[in-house]
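Consider the two complexes below, in which chain A is the common component and chain B and chain C are the respective partners.
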Partner chain A sequence: MDAGRIQKELKEIERDKKSGVSVQLNGDNIHRLTGFLEGPKDTAYQGGYFVVDIKLEDQYPFVPPKMRFRTKVWHPNISSANGAICLDILKDQWSPALTLKTALLSLQALLASPEPDDPQDGVVASQYIKNQPLFQRTARQWTEQYATRELASQDDEKVLSITSMGFPREMALTALESTHGDVNAAINKLLESC
Partner chain B sequence: MTFDVEIVRWHAVASWTWNAGDDVCGICRMPFDGCPPDGKYPGDDSPVVWGVCGHAFHLQCIQKWLQSQAQTDQRCPFCRRAWEFKAAAPSS
Partner chain C sequence: MEDDSDYEDSYVASDVEDYPTSEDGDYGYDPQTEPEISMRRAAYTVLSEEELKLRQQEALQQVMQVLSISEGEAVRVLRHCKWDVNRVNEEWFADTEALRDKIGLVDEQPTGSGRRKESCGICFDEFWVSEMHAAPCNHSFCRGCWKGYVHTAISGGPAVLSLRCPLPDCSAAVPAALVTAVSDPKHREKYHLYSLRSFVEDNQRLEWCPAPGCENAVEALHEVSNEAMDVTCRCGSSFCFNCKEEAHRPVDCETVKKWIIKNSAESENLNWILANTKPCPKCKRPIEKNQGCMHMSCSQCKHEFCWLCLASWQEHGERTGGFYNCNKYESAKKRGDYDAESLKREHARVSLQRYMHYYQRWAENDRARSQALSSKAEANDKKLEVLSEFVATPTSQLKFILDAWAQVVECRRILKWTYAYGYYRFGDNIPDEDTAQKQQQGFFEFNQGQAEMFLEKLNGVVEKDLDNLVEEFKREPGLSEVAPDGSVFVDQASSPERQAVWSKFREQLIGLTEVTRMHFVKLVQELEKGLDQLLAFYSEQPEAEAEAEVEPAAVSTAEASGSATPAQQATAKAPKRSKRSRISSRAAADKASNSAAAFSLQEADSELEAEAGYWQCRRCTVINRDLNSQSCSMCAQNRRGPISAS
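Moving on, here comes the complex of A and B:
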């Protein structure tokens, strides 16, 4: 794992306040980061604040970062069930000249220009093609309901309520992920595995 | 007026740099004049190489990338053109 490069990337993202994307470390673990991006203007996602789970493998930057939306998004190329993303640069079109910042900016660009012919979520894609007004309404409604700074910080509070019990942050995140955000179930799970 | 000077000893200092334009390697983000993550010493131990497309990387970095790709699909990380090492310019 090239920790030096990741530290440099994080500094560069922090320096640039205008891009509308940011990345947060989860404790000391550089394999597991959290990304944040603002919905692009003049789209159904405008005004939204989206949280992205980022996992880095040891071979990074020679393999792409694993990214998944933690915020629920209504978009043809993002699974409405689990946030999985269909984007070429996160798969076979990755290049080590790309960075976490350029990848998050590409997610912003993906929100602005869906590719319904290469869908991740078939239901959303067919709605996008067959009923554009309904798609726009649904996407906007999901943005207003789920992509809020308030929910993002509540999400963080859930993590904090678990880390305050002494569990490391990455364990809290994994447990919350597996229980779909249910704090009590996550704590039970962690206690059982102790 | 002239001085009659005798040189007792002298200390020469030289500086060097890779003529690589961009100052950091696009893969490891370290200066070309420094080391990639696996390099120990700058200079000959951490050489800089060019592709025919004109993009430069630390040799170790571009090799790692090419090795991770299929033999038939080796591309420049910057411009995605087929990667081919550019022959070193004859030293003058």
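Moving on, here comes the complex of A and C:
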């Protein structure tokens, strides 16, 4: 993978702080990054702070980055169970001239304009179509409950508490993912596999 | 386009002349090696990888010239139109802009000066513009990024053939020349392969030969329909152009598909049948079938029996109605006192049994066909040479043995599929009142049985009899024997005795090959025309019409045969009234006999013999030229009667 391009991408995101998206490197591993984006204004997601797991394959940027919401989101095109995203530019419409920044901005745009006809989460999509007020209420509720900077940094603290024990950041992330954020369970799991 | 058959014919004819390969007589069908029996013959040609590339290039050149476009553009247009040059012209001239838009052809954009630096939109590094590449849209990227883009797309599969500019929202097609310019040899080769595959796979008239390792394709020389079309590749494998299964005419593709699915569904129940051994019906010792012929003899007790029905071979042919009948399926007789449950169980058992009957015969003929194929190869590789010395005859004159094997191979294939046909054509239990169905089944099974009987005989003669003969020759070798008194050479191979034995065998085998072929021609005809139509033809045609139809053909044959073979002369000499008299005698017999189907079988038989100009003894298989005689000139066997013991 072209590390030079990733460095340039990160530099560009750093430079343009107003965009409302950012990317953070997880230690030395350039295959696993964390993205952050602010909920778009005048939507149920306004004021929310969303965390996105990013995985890059060796062929990046010729294949799309793999992205998934770590923050729970109520949205027709995002799985309410595991954060999987249905977005064309993350699949066949990807172009190597696109970047992590443009991809995160597209996620922001997706939050602003859902496409219930191409749903990832059928339950949410049907609610979106049949009961718009209820959908808006639920989405706002989830945003207030889950999409907070506190949780995001707590999440970061959890990772830190594991890495401080000497485990690499990537292993910490994987373990936390599999235990749904339970630090003790994650540590036990890591210790067992040692 | 108007569907005018005359136009169609001339179109095909001129098309054929355009193809260099066909001038070499390079059609898939070769009467010398493949005794093709099907009536409807397919026009097609076999193309090697090289020929395919040439053909693809021809299409490209044609489109480039007519539309004045680049090769890269021509590839796109042709791919879009499934490599149909006519369709390209139609779509292009109907709405050029719409078509160009749809497939991403853009006008070449000005490049400007190469003597400045620009940032590559993928790696964000700076490059001299002259070192960068772009599709005609002129969105430049550095060579390294192009390479990564193209390689990833090639690894992703044939979709790379529709590759577009990497810039989001630019739909310009990436020309093949650019793809090959930036890719390494391994990826380039893969790209060319995709391109050739698209030429064959998108093209309605082309199909790859499905034989493993074969890289030829078959091209239909006419509009393709979705009917079965058997073709034979240069590699020797035959397949159906329409459904890609092995060649299966005269049976249609639908039946084949159903049958194959059925077989895989029933395969567990049938595993035991696939076992290679069966107990001898007399001494119960296991016997392995290692030759193609169904006439078995137990190595222990010497009992001779039929592998299919396990009946003794002597009785075979006369037990019911005087003809070979182990192809017939007699469904189990139902007794009246079954309760519902056992009736259901009985029904399931009967229907599985019925299926197994057909399956077993299908599978056995399939296996026998493979055996015949390897026997033919073996004969070609060594047996003929050995034989050539024993009978002082050049191998070129022993080709009739290979012809006989080829006939066995082809007949086994047809016979095999007639069992799939029979399974679907006639239901589990045809009610007694459905006389038409019963008659059709009887008619079909008789002809199938006749064909099968001759095939078994042919297989036995070319296999066992020939082997026995060779063994005999081996026991009295003496290619050059030294007499006790000095150096007198006795040439056993060309002795009159041996030559007589050999010439008798030769005549028998050639005759048997021909008779077998004719029986299969009949069977195929029957299935392709439809049993109901054929039976209707035999039973309902008014005499005058029947005669009118027969006579002109017979006359023209007679006129045309200035130097006809004896068989042709015989055909011409065959009594013109035969059909008429047969039909009227049949009508009479119909009233008297309650076995109409069996009767029409004899009719069918005489007709076949009249066509051939001889009848063959069912006991000793000698050819009898006298069509009026009723007993064999060699062994006095009755022409139609049960086979008498020797």
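For this structure, a couple of remarks:
Heads up, the rule we're going with is that the second predicted complex is superposed on the first by the 194 of 194 C-alpha atoms of A that agree within 3 Å, B and C clash if a C-alpha of one lies under 4 Å from a C-alpha of the other, contacts with A are read in each partner's own complex, and residues count from 1 in each chain.
Here, contacts are C-beta pairs under 8 Å (C-beta built on N, C-alpha and C of every residue); 3 or more make two chains touch, one makes a residue touch a chain.
These numbers were taken from a predicted model, which means no experiment stands behind them.
In this overlay on chain A, chain B clashes with chain C.
In the superposition on chain A, A:K91 makes contact with neither chain B nor chain C.
With both structures placed on the common chain, the touch criterion links A:R149 to neither chain B nor chain C. By the document's definition of touching, both partners, chain B and chain C, reach A:R5.
In the superposition on chain A, A:P61 contacts both chain B and chain C. Touched by chain B in one complex and by chain C in the other are residues 2, 4-5, 8, 59, 61-63, 95-97 of chain A.
Chain B meets chain A in the complex at residues 26-30, 37, 61, 64-65, 68, 75, 77-78, 80.
Residues 121-125, 141, 145, 148-149, 151-152, 166-168 of chain C are the ones touching chain A in the complex. On chain A, the positions that touch chain C within their shared complex are 2, 4-5, 8, 59, 61-63, 89, 93, 95-98.
Those residues of chain A whose C-beta lies close enough to touch chain B in the complex are 2, 4-5, 8-9, 59, 61-63, 95-97.
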